[in-house]
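Just dropping this structure here.
By letter and in written order, the chains are A, B, C and D; residue numbering begins at 1 in each of them.
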Amino acid sequence: MAGNTFGDIFKISTFGESHGAAIGVILDGCPALIDIDEEFIQSELDKRRPGQSKITTQRKESDTAQILSGVFEGKSTGTPIAIVIPNEDQRSKDYSHIQDKFRPSHADYTYQVKYGIRDYRGGGRSSARETAARVAAGAIAKLFLKQRGIEIFAHVSGVGKLEAPNLDSSNLQDLLTRRESNIVRCADPASAAEMTEYIDQIRKNGNTVGGRISTVIRNVPVGLGEPVFDKLHADLAKAMMSINAVHGFEYGSGFEGSQMLGSEHNDIFVNQDSNIRTLTNFSGGIQGGISNGMDITFKTAFKPVATIMKDQATINEQGDDTTISGKGRHDPCVVPRAVIIVEAMAALVIADHLLKYEAYHNAK
Amino acid sequence: MAGNTFGDIFKISTFGESHGAAIGVILDGCPALIDIDEEFIQSELDKRRPGQSKITTQRKESDTAQILSGVFEGKSTGTPIAIVIPNEDQRSKDYSHIQDKFRPSHADYTYQVKYGIRDYRGGGRSSARETAARVAAGAIAKLFLKQRGIEIFAHVSGVGKLEAPNLDSSNLQDLLTRRESNIVRCADPASAAEMTEYIDQIRKNGNTVGGRISTVIRNVPVGLGEPVFDKLHADLAKAMMSINAVHGFEYGSGFEGSQMLGSEHNDIFVNQDSNIRTLTNFSGGIQGGISNGMDITFKTAFKPVATIMKDQATINEQGDDTTISGKGRHDPCVVPRAVIIVEAMAALVIADHLLKYEAYHNAK
Amino acid sequence: MAGNTFGDIFKISTFGESHGAAIGVILDGCPALIDIDEEFIQSELDKRRPGQSKITTQRKESDTAQILSGVFEGKSTGTPIAIVIPNEDQRSKDYSHIQDKFRPSHADYTYQVKYGIRDYRGGGRSSARETAARVAAGAIAKLFLKQRGIEIFAHVSGVGKLEAPNLDSSNLQDLLTRRESNIVRCADPASAAEMTEYIDQIRKNGNTVGGRISTVIRNVPVGLGEPVFDKLHADLAKAMMSINAVHGFEYGSGFEGSQMLGSEHNDIFVNQDSNIRTLTNFSGGIQGGISNGMDITFKTAFKPVATIMKDQATINEQGDDTTISGKGRHDPCVVPRAVIIVEAMAALVIADHLLKYEAYHNAK
Amino acid sequence: MAGNTFGDIFKISTFGESHGAAIGVILDGCPALIDIDEEFIQSELDKRRPGQSKITTQRKESDTAQILSGVFEGKSTGTPIAIVIPNEDQRSKDYSHIQDKFRPSHADYTYQVKYGIRDYRGGGRSSARETAARVAAGAIAKLFLKQRGIEIFAHVSGVGKLEAPNLDSSNLQDLLTRRESNIVRCADPASAAEMTEYIDQIRKNGNTVGGRISTVIRNVPVGLGEPVFDKLHADLAKAMMSINAVHGFEYGSGFEGSQMLGSEHNDIFVNQDSNIRTLTNFSGGIQGGISNGMDITFKTAFKPVATIMKDQATINEQGDDTTISGKGRHDPCVVPRAVIIVEAMAALVIADHLLKYEAYHNAK
């Protein structure tokens, strides 16, 4: 109800503020006997970690995950897995200047009015730092899905007005290698170079810019998704929209599909060597809210980071006019780090629906 | 878990298949003492009803809502409100030709594999007929919100490549009148005429086309939305994506916002006569997942209806190649009727979050 | 949240007031392909039906269940099963004398204060008539469990100070036959005769009396129950305490067990022909909140029916002293009809936990 | 779903094993601006702490609560409150002898079969050590309820066959003082002395014994409880039955009430100086599942602790016969420490229902 829990069967609850003692997560509902590879969890956190390149915030956090429960001799036990990530590099004094001012397009004002109190340091609970907890839990979801052969891949497909070409997604491992070979996390090398250059220019101007992330999920069995409200794409949409700064979501043909004719848009079924598939995939791998075995594809749009290194007019808690100056350590563009958050949330949605599916499927 | 329930406090559960005895809904969590205006509920259903114009399906359903419980002497009692809408004009024989064939871009295939059985008549549970139940419950949500002065308005802002201009939303009653004066439900008369003409042409060709719906919600108090997962826009996204044929959702600046710079996108706070607002509204009335008192704005993209009056290749349940011919009574474009579904789901989300807000707000 | 839903995966939502148009239930989460035997559902309702003997209320209701959705050609489809039971014999005028009076030990006062409005006719929503909807859904749960060989048996083990001896539960079908051979629903013939006589005497005096129901569930696999909060016995307790008039619940050794020593109470494990069991069963088939394969046993205590055919002092809505006279048609003792409600709720709990178990079990 | 979460609005999720790194809890849904008195939280934990007297286990745990989030400058912020309690005195080697044996009437066998893996050290997740997390969260619930004047008091009313007399509950502070003046936590001094003596004797014999706890909740407003399934007493029952070793629950007249006549059992309403109350309170402060303003009263029965200092026959994981010897540090009787767990769970139920009540109540 208070909004800090996601998922029904494979379920996470996160906690923590940007400048508190720690952030963390309880993952409840992870099946027993999953190999919990702590190095993998850490490697995922490292991809989201601040300070990893010149185009990310320079806050220094090791983001070291400590597993407090639910794992015995390297395997999940079916009991809640609690993970804590201590906060280390809190320069709270960087925030004393905003203690009673509302930063434009941040959550300062709404938190203050809603709760009557807020931990203003670094945005408190509204900080994207919370997403590190999601990445840790998402890493375990990936380990679970890996046992079933399900793969998830996201990359930066757009920054500002720059747009990467559509990629052949038949080899996700190859795309992953290409994505990790550049700091912007775009799997198309030419676009990546252009985007890196552009973001670095934006950063030097003290400005920020938005971007887009495209995701593919492969080898999902037919049958995931619970109509009519918990359609697979509806839960993916909610998961994505719950990530800081996301303003748009589309799957399959998306907004463009709404400009098409039925005769163009319909995906024709074919039987290829006892493998039922569709010739096109405007459905994005989901029909009637249920996965159809084709690649699940969706795109997510992120607004520009609200903190800019420029003076802006605003008001304070008393409602008086004032000016706010950009301080602190922030990202010029959020998508290079958000790629791993998108993958984590996607993994959590698929893991949750996989367990729902098995509850009923086995029952038949 | 099985996906037929939406909302936490103001909560609906729908049931029913396209060609079964009836469809319906239980609304649990409606506060007591709300005036239940049955005429209003019926008038909402009439806007979604099939057969209302030449550009909608010709299935004839009166869609008469029967309230079975939860209302006493015209007022809600705080107990579950059950509403049943009998199915009347089921021409099930129209569907005998698809009994063992999978219609392209429909849910026939995924339902069959997921459940091992399906009511193939009219798409069974996957039919958009289910949304009549949502409209009935949404009408009660609107009656509740009306007591608080909250208004919701949606209209068709795009059909295929046609796009209506942005409208001044300062007078929603006026827009509503304009919207209801044409059969496509677009509040801009010139665009409406163009769209109507276009859809009618599409219909005559036996084809279908997608479209877009824009929504504004006014007078929502500051504070609705539960971070971090149940952000107000995340729940709106899930609600919208759960509507049949929706492939995309964006709020505030949306996908376009992801092309902007932070310095352009930030909404500057001002205090206008003790009324705190922002000069622009790229945030779409929601910051940090919480309503900020400005108009809440979002857009939804609908794919073209999958049933077209043309022969299409497909496979049957045995996996053999076959051909399917378009039959039955279908909409050439879904958005004119979907406007009222979008409003209903929006009302349900706002009502649910309003009650959550009051649980905690009062507790302070 | 508003309390009219029970279960997580195999989930019911009931609606309806005693003297409204109908009562009913949506069962969401019933697996597909279960044979829905409508005659069995009706036979279960007939056991709960009023007017079945001289020691039950004389209200005449056929309690005919109408299935509106979720069943196709005799089988569940995996979509919500809606069942409606119309109210027929509402003598609402029997209740005009209590329109503004609060009956002692009824829910009139608490409903009035909580909701500010109440349907006073027959107790409205607080009437045990609502439990007919539970019995209908419980019948489907039984059909599902039957496919797995799980059996549930309840009978009246106590009325007032009368107590039936403990019964050998190795043949539940036999006990069922014996139970159904008498109107009090006690499987011990001698006790049944005594109880019938006693209740009839109470009835003639215009009084009422409490009673107890004992339940056995057999062939539950090891592993049902989700620690630490959703222990199998905790969910059984909630289910039973949610039935009108229940004031107590115990499982296994129960209250008596709290008087014992550990050396007496421990159940010793033995391996009998590769069948692991315990020599005693003070654990009631549940250890650590999880079924251990032994018979699950519990007992439920019902208070005397509050409506008596005598004058009682009370107050009215204005807070003034007044007198209330017993009228209407009521049961002198609730347990003979409640047996089937207890079984229904037990079946719903086991079905729900079975599906949870399979979600995780299959995942291994 | 996996059972480690309790509550809907005021909601806790616990984690941790007996001999893991730590146990803990996330409390999500605590309203903002509650004074979080850390000393009070610690004093509650101290009452549940092991090693506090000769009649409790000698395991030494300081049970120091660390708040990681959700509190800013001494007040709750409305964001999740995470509390971690490190494990200190784990003598895991005490448990090597049970690594592959199933202790009688423990959860070893059911956990092993359910999950296929278990942390056998100290019972792992099934250990009552988990309840320390509940006590920490319950302390915050008490702080919230205290602001509303709601008081909760539990004490040991029975040990084995010993039973304390019923107490006048008009002054709960006085009873609390008397309870805390003895190590058995019974508010009747004479009974306390007898019980202490008895438990100490049991302990010296290497045996254990069961007991009973009685609870009173005062000043609960009329209107808490959500019929028909989430009746206030149904949620209290589930909460109590979820505590380790609890085998029985009754409220108001309880099992005894089932032996009474309606004419004896009905609680007559009276208006005493505009204060509506009942002359008797067999209803236990709850009618129709909703609090009626009278004292809420219930009793809970605990079985004897399963670990005894005697040799017992059992089987091992291979299914072979073996013998198990009592080792480790255990309580001879669980009720003196369980008093505080009962209060904590009661506080969590009332806090949750209070917020539900306010959601709807305010909405009127």
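The criterion applied here is as follows: contacts are C-beta pairs under 8 Å (C-beta built on N, C-alpha and C of every residue); 3 or more make two chains touch, one makes a residue touch a chain.
The structure displayed is predicted, hence computed values, not measured ones.
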item: Chain of greatest Cα-centre distance to chain B; value: D
item: Chain pair with the higher count of C-beta pairs in contact (A-C, C-D); value: C-D
item: Centroid distance [mean C-alpha coordinates] between chain D and chain A, Å; value: 39
item: Chain A-chain C separation of Cα centroids, rounded to whole Å; value: 46
item: Between chain C and chain D, centroid-to-centroid distance (C-alpha), Å; value: 26
item: Multi-partner residues of chain A (at least 2 other chains); value: 1-5, 8-9, 14, 29, 32-33, 78-79, 114, 116, 125, 227, 356, 359-361, 364
item: Of chain A, residues touching chain D in the complex; value: 1-5, 8-9, 11, 13-17, 20-24, 26, 28-29, 32-33, 66-70, 72, 75, 77-82, 84, 114-119, 124-125
item: Residues of chain C touching chain A in the complex; value: 1, 8-9, 29, 31-33, 78-79, 144, 227, 354-356, 358-364
item: Residue numbers on chain A that touch chain B, as the complex places them; value: 1-6, 8-9, 14, 102, 104-107, 109-111, 113-114, 116, 125-126, 130, 158, 160-161, 202, 207-212, 222-223, 225-231, 233-235, 237-242, 247-255, 257-271, 274, 276, 278, 282-284, 287-292, 301-308, 310, 312-315, 319-321, 356-357, 359-361, 364
